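Heads up, the next two complexes both have subunit A, just with different partners, subunit B and then subunit C.
Then we have the complex of A and B:
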């Protein structure tokens, strides 16, 4: 399996190096929306004398810089690719290979993140200076951030695959993935740090998996939660990853029987 | 007049095409509704903590969000599908067919394709704006006219910028990424342009005029845009249109059909 992954990595890195400019441009997607909402919250905080609940302007900056980093590391676009492959029948050759198609997606995602991380950090450094971000994270937070962002990314990836797999039944998953994306938009911490979501929405964000994809790792990196809480949140993330892993196994096994190439 | 008739014809054929896929159409409408309601939700969450955002109260913000979806809806209704097709024509060399027809090539290419369902986005945007207007007391005929003028100018600005950008396809052929970045910058229009820090505000007002295209109509209808500002907007939009058309014509000279 290690050899297989090494081969996949080499292939994907070669493929990615053909599209260097593209990867830099796409990286901007992870930055633009957090900066938009950062600017909005800074305006709200300024209207309220510089502070909203426990967040002041510099905390918002730190949160949204962290969130950009997390969204870049944790987001994947598989649902869209997968729908295309099912619709066009391109999945057929992949199904015949001895390797589950998900492994290609795993490697593709990791390589994409590696190629975008450096330009992203430069842009985020610029944003952090512009908005004068203040991180409260201790070294312990930084250590905890690593498993948290990996779990958040795994959760978003597995969730995206469960959604994408519904293409086996519907062929078009665009509408389903839009619903999913908008739930992420509201509940994962994009429009507001989880702590600032109004009561009911905050409960939903923390009961459903959404908050654990982006918001939780971002808050840990920012240092907004204390260490015991952070560890508890990471534990919940792990549980969600396990649930979605099991769910994907089931959905995939049932769904792949539904799949027919065109003309079958 | 002839051009209006052609436009109506293009619109009708594209509508017929979309009506062939009814389930898809219904799903697209569901998506539009979900996207706009969640965006309104986001604004409501912000206003849960404040009554005013850089001088914009909730009513004015809803008007702005409505304008945002009007402008974005217009972009996705006709500009995005047409310009995508245009770039494909350049790549495949099939632009010849448009150039040979006895009408303005720029018209035939840039206003040719429609995603009729995006009228839903514009309609829902209008609803959001009207709800917002309900919370603002002063609305005279002056404001209404200024709003209409400003909104049309916004459309023209977006058109001019897309035309200028897509002209680069004549030299570089594949510029999908440039366009993708443009559409993602458009997202910034959902908030008033004056909340952004200096460098970003300048970008959003000049290089990517989405800030202007959305913010100014919203200001016009809430009576916060004076006559001078409106005049500058009109002159600027006309200038942008003329300049980008000239640029397009320069680019067209570099066009070669396949194997030419």
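Then we have the complex of A and C:
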């Protein structure tokens, strides 16, 4: 399998190298939204004497810088790609090879992140300095961030695949995946840090899987939660990953029987 | 006769399709209540194919050919029936099966557009676990047979349709499959490229002994490659037997072409010998009953004497036979 991944990486890096500028533009686009929210929260905080609940302006800056990094590392676009592949019949050759189609998506995602991480860090460094971000993370937080962002990315990836697999039944999954993305937008910590969501919404966000994709790794990187809490959140992330992994196995097995090979 | 490589028994595939009438009212109604209809794409077909055979799978559009190939390759689950290919149940998609099989569809791409085919070949080598030495040998052979030397290092998106199809063939055969399903492999290609692909398939079969099931709307493909054909229509098997016998079984007539000397065509009435179906200056084409063809030809030679410059007795063109089969749906299986 290592040889397969190496070959897939080489092919994907070659393909990605042809779209370097596009990749960087997409990356910049993905940073715009968190920066807008950061600016909004800074304005709100300044209007309230420099603080909203436990967050001051510098905390907001640290949170949104961390969230931008996590979003870039953990987000994937499987549902849209998968729908396209099902609709155009491009999934068919992949289904007939002795390799699960999910592996191509894993490599695509990793390569995309590799090609955009350096310009992203430069942009985020600039944002952090401009807004005077204050990170409270200890070295232990930084160590815990690694499994947390991997689990967050795995959760987002597997969740996206479960949604995408509905294309086996419907051929088009755009509406479903848009609904999923909106839920991520509300509950994953993009509008506000999870700690600042009003009572009921915060409870819902902690029960649903979305916050464990982005918000939790971002708060760990920012150092907003203490180490025992961080470890507990990582354990919950692991449980969600296990649930979505099992769900994907079932949905895939049933769904692939529905595949009609349209357009192929 | 050994175990068949492909063994299909009463295979069925039914698709449930949604239908609605045109117009706004029907569109609104379809939001609430959808009308569904079952389409029997494959309605119970049975056949066996032995190792090394090249079999033509014929039928008009919508006959169920591609659906059958998709089921046999493992892409689709059948609604009912059994199939074994190389001893495997295809739709279980076991890796050991997928490593020995390929499905090539004309006009469909499985290569990555943005990178040269040579790099896609490398990826496929690893996916199929082809050892380096076999890989080099196979790629070398495919490069020679398909004349790929200048093509494999260009990004696939820069290749013409014909060039891409050749490269697709190579990509589909990297794993040296024992069974190849070819669905319209020459579709959209110019005559010279069609002919090259045909020669390649024949040579590949000869060199490797691979079993090939091929669909094509171009009868030249079938005539050049297949001694045996399976004809299906509306999901039913109409004929399974030698291509040479198809005309005999399906078209109870022969074509006599008589070429008359200058001026004779205008004065001699050939309607007494058979049904005149064509007249092109001195060449007259007659359709005659199959059994009576030798006797009619002999009469023409005797009675026209020196007015006859040339004469031939042939089966009707294969396209005409197939068209007749599809329009009349004469059911029969060669034994």
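Note that in this section the second predicted complex is superposed on the first by the 262 of 264 C-alpha atoms of A that agree within 3 Å, B and C clash if a C-alpha of one lies under 4 Å from a C-alpha of the other, contacts with A are read in each partner's own complex, and residues count from 1 in each chain.
Convention: a contact is a pair of C-beta atoms (placed from the backbone, for glycine too) under 8 Å apart; a residue touches a chain by one contact, two chains touch by 3 or more.
Since we're looking at a predicted model, the values are computed, not measured.
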Check: Just from the overlay, do subunit B and subunit C fit on subunit A, or is there a clash?
Finding: fit
Margin query: Between subunit B and subunit C, whom does A:89 touch in the aligned arrangement: first, second, both, or neither?
Written below: second
Next item on the list: Scan A:125 for contacts with subunit B and subunit C and give back first, second, both or neither.
Entry: neither
Note to self: For A:52, using the defined touch cut-off, is the partner it touches subunit B, subunit C, both, or neither? Pick first, second, both or neither.
What the structure shows: first
Next item on the list: Quick one: classify A:97 as touching subunit B (first), subunit C (second), both or neither.
Entry: second
Check: In the superposed arrangement, which partner chain does A:259 touch: subunit B (first), subunit C (second), both, or neither?
Finding: second
Next item on the list: Name the chain, either subunit B or subunit C, that contacts more residues of subunit A.
Entry: B
Next item on the list: For A:44, select first, second, both or neither according to whether it touches subunit B, subunit C, the two together, or no partner.
Entry: first
Notebook entry, point to check: Minimum Cα separation, subunit B versus subunit C, post-superposition (Å)?
Noted result: 6
Next item on the list: Report the residues of subunit B in contact with subunit A in the complex, numbered from low to high.
Entry: 24, 27-28, 30-31, 34-35, 38, 41-42, 45-46, 48-54, 177-178, 180-181, 184-185, 187-188, 190-191, 195-197, 199-200
Check: How about subunit C: which of its residues touch subunit A in the complex?
Finding: 15, 70, 73-77, 93, 95, 98-99, 101-103, 105, 108-110, 112, 114-115, 119-120, 122-129, 155
Check: Which residues of subunit A touch subunit B in their complex?
Finding: 21-22, 25-26, 28-29, 32-33, 35-37, 39-44, 46-48, 52-53, 130-131, 172, 174-175, 178-179, 182, 185-186, 191-192, 196-198, 201
Next item on the list: Please name which positions on subunit A make contact with subunit C in the complex.
Entry: 3-4, 6-8, 10-11, 14-15, 18-19, 89-90, 92-99, 257, 259-261, 264
